[in-house]
Amino acid sequence: MIIELKNNVSEARAQELAQELKAFCIHYDGRYTLITSSSVKELEAKYHSDADRITVLNDDMQLSSRAWKQETRTIDINGVKIGGSTNHTLLIAGPCSVESEEQIEQSATLLKELGISTLRAGAFKPRTSPYTFQGMGLDGLKLLKKMREKYGFNIITEVRDATQVEDIIEYSDIIQIGAKSMYDHGILKRCGKTQKPVLIKRGFGTTLQEFLQCAEFVLAGGNPNVILCERGIRTFETKTRFTLDLCGAAWMKEYSNLPIILDPSHAIGYAYGVPDLARACTAMGVDGLLIEVHPNPKVAKSDASQQLNHDQFRELTGSLKKVAEAIGRKII
Amino acid sequence: MIIELKNNVSEARAQELAQELKAFCIHYDGRYTLITSSSVKELEAKYHSDADRITVLNDDMQLSSRAWKQETRTIDINGVKIGGSTNHTLLIAGPCSVESEEQIEQSATLLKELGISTLRAGAFKPRTSPYTFQGMGLDGLKLLKKMREKYGFNIITEVRDATQVEDIIEYSDIIQIGAKSMYDHGILKRCGKTQKPVLIKRGFGTTLQEFLQCAEFVLAGGNPNVILCERGIRTFETKTRFTLDLCGAAWMKEYSNLPIILDPSHAIGYAYGVPDLARACTAMGVDGLLIEVHPNPKVAKSDASQQLNHDQFRELTGSLKKVAEAIGRKII
Amino acid sequence: MIIELKNNVSEARAQELAQELKAFCIHYDGRYTLITSSSVKELEAKYHSDADRITVLNDDMQLSSRAWKQETRTIDINGVKIGGSTNHTLLIAGPCSVESEEQIEQSATLLKELGISTLRAGAFKPRTSPYTFQGMGLDGLKLLKKMREKYGFNIITEVRDATQVEDIIEYSDIIQIGAKSMYDHGILKRCGKTQKPVLIKRGFGTTLQEFLQCAEFVLAGGNPNVILCERGIRTFETKTRFTLDLCGAAWMKEYSNLPIILDPSHAIGYAYGVPDLARACTAMGVDGLLIEVHPNPKVAKSDASQQLNHDQFRELTGSLKKVAEAIGRKII
Amino acid sequence: MIIELKNNVSEARAQELAQELKAFCIHYDGRYTLITSSSVKELEAKYHSDADRITVLNDDMQLSSRAWKQETRTIDINGVKIGGSTNHTLLIAGPCSVESEEQIEQSATLLKELGISTLRAGAFKPRTSPYTFQGMGLDGLKLLKKMREKYGFNIITEVRDATQVEDIIEYSDIIQIGAKSMYDHGILKRCGKTQKPVLIKRGFGTTLQEFLQCAEFVLAGGNPNVILCERGIRTFETKTRFTLDLCGAAWMKEYSNLPIILDPSHAIGYAYGVPDLARACTAMGVDGLLIEVHPNPKVAKSDASQQLNHDQFRELTGSLKKVAEAIGRKII
């Protein structure tokens, strides 16, 4: 149950009520709001005088649901806006990993050339084997910071586990919680305490219900700026690396108030299919795309097979704009 | 191994060779062609004088592969062409099932109004329960025939099992082999003996490799006119009915020479997501779409939740045209 | 809804009622029984005088459910009984395919030596590629018949598609409907008209609900002798061929009144794991096991990797008996 | 590649070699051993004089593979031994969560009565919703410690994220890394630095290859005491909560040298199936079982539906002993 308190209810009173009701308490849209378990279906009469609006929900997808807030949330990333009524499709691009200053500078130059505002690259890589490249770590974050300062990008980079969450919050403009970390309470709870936008990637074995409930950890913690990212689920099909779940994206558009970003590169895992899939994602009318592009994919230290080269990416960008226009949206 | 015989090799000689090599023998593109198991990697020297071109393949995806024929096949459905260099995206629409003359006539009128050439509707329904509507059977086929005669449509309808394959071949312009029947040798082999186009739907538990191998049964049987249809696979996600595998569609575009049609209606199973998904499918640059539309979805006897109503479908058609144009294709 | 009519209701009256209620009519346990869709929740008062017992069900798993008949059905296969209160675990063994008289005779001799009553072997193989061994067909069935006549076995063999269902019914003692054919209405409906036991294998992409509903086609058609067989479902894991669903087996034991047989050979697809899995299956307390054994697995024409050799099978049989005893059952 | 150095190679030299070869360096079985990426297939001649044995491996499943060490590892948990040649099947039991002193004491008493040495219970629960019971945290760990001191149990409890890993290491005898945390590098790397046994649960969307590679993080970090736990994977089937992958267990027995424990309770998610599945797991000949039992399952704060009550568990224990005996093993 979500209880939006009256505007004149003080923080102290709100906290008191939260304790009595075993509820989370957030300050949102100018007033205090309490969230209890969705199993609570009725509010005692004595609390009614403090409540402005009560929303009873079917399940624990609460703050993220359109059943509570019909309109899609607007997320402001240092002035770049997505969601709401913007009709923006944010193109986020960059290499899988920061590998060197030269490499990330080449990526930055490409993005600048194409007018792209948001640079992605991983510094802490959640590899499944200990014997492969694990990312540049803090040095990678520093290179990303340098690119931001030089070119004015927003930076999105991934937190792998709770031990580096503080660094990621400091160095990024959008905190990315990866598919393998999205159940991590340590990360989720910490991200609830900042106001920086958080992009959560759906785990490849995660149901939509669980995915939205992970977002609830951040939202109920007090951070309203959560973006959902579908990046492919694991199915029986192995010709492609994962299966991009656009039916799931349609479901999220219908039932959730959070902006949605799609990642075709990780989904298919092979560059040959990325352009067609990126166009399909754009035609879905979602709020953004994450695409991997590398100055020289063949020598990439991670995910070599799925990264586009610069020429492929230039060509793709042009066609994405046309598809976006065809459905009344704009690539930013 | 595929052995294209020289143009002057006679049918008798081709059949003789087929027997010696335990190969299938088809007449394709003006000459006889033999297909052995892909485990055969070398052709004895004594046969070389009959052979014009030999293609050794990695696996039993042979006649359907771009490794053998680079260009996409052109399929001619009574003058309506898809594949090849047409840049056509064929829009196929209609109700899940033929339910009555009045209903199918309403569907026909809508298609006529929108300039759509191909009507879909099922007469033999492969329901998973014996206690639900099983389709109108032969009476349904006769109604479809009536619509063809009155409006000039091409008709596509599904064969459920081998007992009605002759009827379906007689009454349809495109034979649809359903997701639950696609391993049926009785149907596949019979369809290899006609020249009518055959649309095979991928089973929801079927790998891409197996799917293409099912197509090989028809192709090796002598019918070159096979269309692949992806309609959603079964995954752990149950908020939607199935998961439309567009990564798989990208793989098929890359590796197969058969035209591809996508069916967003069966994939998601809910009308709310069909328009977005249909636009995504169109943006993939595939050869066609199958969309379910019903005069009054609420009273539909099968798949009520996923069928668009006529107004929704009219609106969708307009936007599909724009998306197709944006990528240089044309909805037909 | 299942309506068991009073014992004195005549066939003519039962058929009349079936027509009025759009119900299936079977003769079971000495009286006529009608089965309507499970969406029917109430029976009109005027029919109450004919009805002895009315069972309202949640879904279309009706005749197969313990909600209707609590006790497991007893199936009598020419005097060999499973299910009911027998505590029998029927061991069915034999090669994947009949390949030659010599080979099947070797298999028969092994079974005879070990006191096994039921011989399995395929004659019509539902291969996924047209370019591989498709089975011996009718000649294979004749060899199986020969083994039955010589050694007194019960024979179980698979119907691949509706075109050979008559032959299979004639030549087998248990009709096997394979995983790829279990949605085939042509086969299911035909099997409803015989009284021979029918073993239905769960499709690898089939839910338990759908699986039971396939059984309903046979049961509602009038054949009460249906056996369920779990043989592995398709999951994301590819180190093994399929994933044996013993959780599903536990569910079927709890909710269905049909005997259950497990097939560890097809599930894992590799001989190394078959003994451990066969012991696990036995410890589940199910009604039978299907195990593939071949005189010389290396040269087997199908499923070579998963078949045990004769020595491995002899050893396994001994340990299965001990495991069965430990839980109060008997391998027959 | 695994390079076992000669017994006389010093730590300093081993570390020097590790740096040159970009290898992990562990001390195992009385000598230093280096592990490089499995992509390294040849060792330069100049290093041969330091090496005693070189094992080239196909993939990054290295220290955990039988290709390197044929025999199963023996794990000693404060004198309780599993694996190796023990033929022990360790029965681990207890409630899903510590809920109160009274509750955990009741569980402890039951285990004591039945001679069970290892108590399981969660203090930090990796719930998928923020609005449900999250576990007692540190207070729960303290109650577990009390039970150990009073009854002499070994305690196994779960680390949820890297923020509480130190506490878990301190309070437990076996560190449990849960299915949702098994990709967590922060946890895995920290567990590599202790010598306490670590039980890693397979993620429900995790391939066997990835699962073993997670174990490699701990093994290559220097802790040889890793136990694998299969607890059900997520498939399309939803009648049961997960699908216990016994084919995967068979594969792990064949290819890995790590002891294997199975968890039927989490797999099926319903108490009705746990006894049959537990017997099946025992018959697989694995090294242990994890079973949930609660003094009063109906009021359990988490996983209420899957926990056995005390009487059910007593009865089960008796039958597990018989099944174990039937295959020459002993429940401890």
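Labels A, B, C and D are assigned to the chains in the order they are written; within every chain, residues are numbered from 1.
The criterion applied here is as follows: a residue touches a chain if its C-beta (ideal position, glycine included) is under 8 Å from a C-beta of that chain, and two chains touch if they have at least 3 such contacts.
Because the structure is a prediction, the values reported are computed rather than measured.
Undergrad: So which pair out of A-C, C-D or B-D basically repeats A-B, with more than half the contacts the same?
TA: Looking at which residue pairs coincide with A-B, the repeat is C-D.
Undergrad: Name the chain whose C-alpha centroid is most distant from the C-alpha centroid of chain B.
TA: For chain B, the chain whose C-alpha mean is farthest off is D.
Undergrad: Just how far, in Å, is the C-alpha centre of chain D from the one of chain B?
TA: Their C-alpha centroids are separated by 48 Å.
Undergrad: Just give me the whole-number Å value for how far the CA centre of chain C lies from that of chain D.
TA: Centre separation, chain C to chain D: 37 Å.
Undergrad: Can you check how far apart chain B and chain C are, centre to centre, with Cα atoms defining each centre and the answer in Å?
TA: A distance of 32 Å separates the two centres.
Undergrad: Residues of chain C that touch two or more other chains: which are they?
TA: Residue numbers touching two or more other chains: 205, 209, 234-236, 238.
Undergrad: Should the pattern of chain-chain touching be classed as line, ring, star, complete or other?
TA: It is complete, because no pair of chains fails to touch.
Undergrad: For the complex, give me every residue of chain A touching chain D.
TA: 24, 35-38, 60, 62, 124, 126, 128-132, 134, 160-163, 180-181, 183-187, 203-206, 209-210, 213-214, 216-217, 220-221, 234
Undergrad: Spell out the residues on chain B that touch chain D in their complex, using ranges where they run on.
TA: 205, 234-236, 238
Undergrad: Which bits of chain D are touching chain C when the two form their complex?
TA: So the residues of chain D in touch with chain C come to 205, 207-209, 232-233, 235-251, 253-254, 267-268, 272-273, 276-277, 279-285, 319, 322-323, 325-327.
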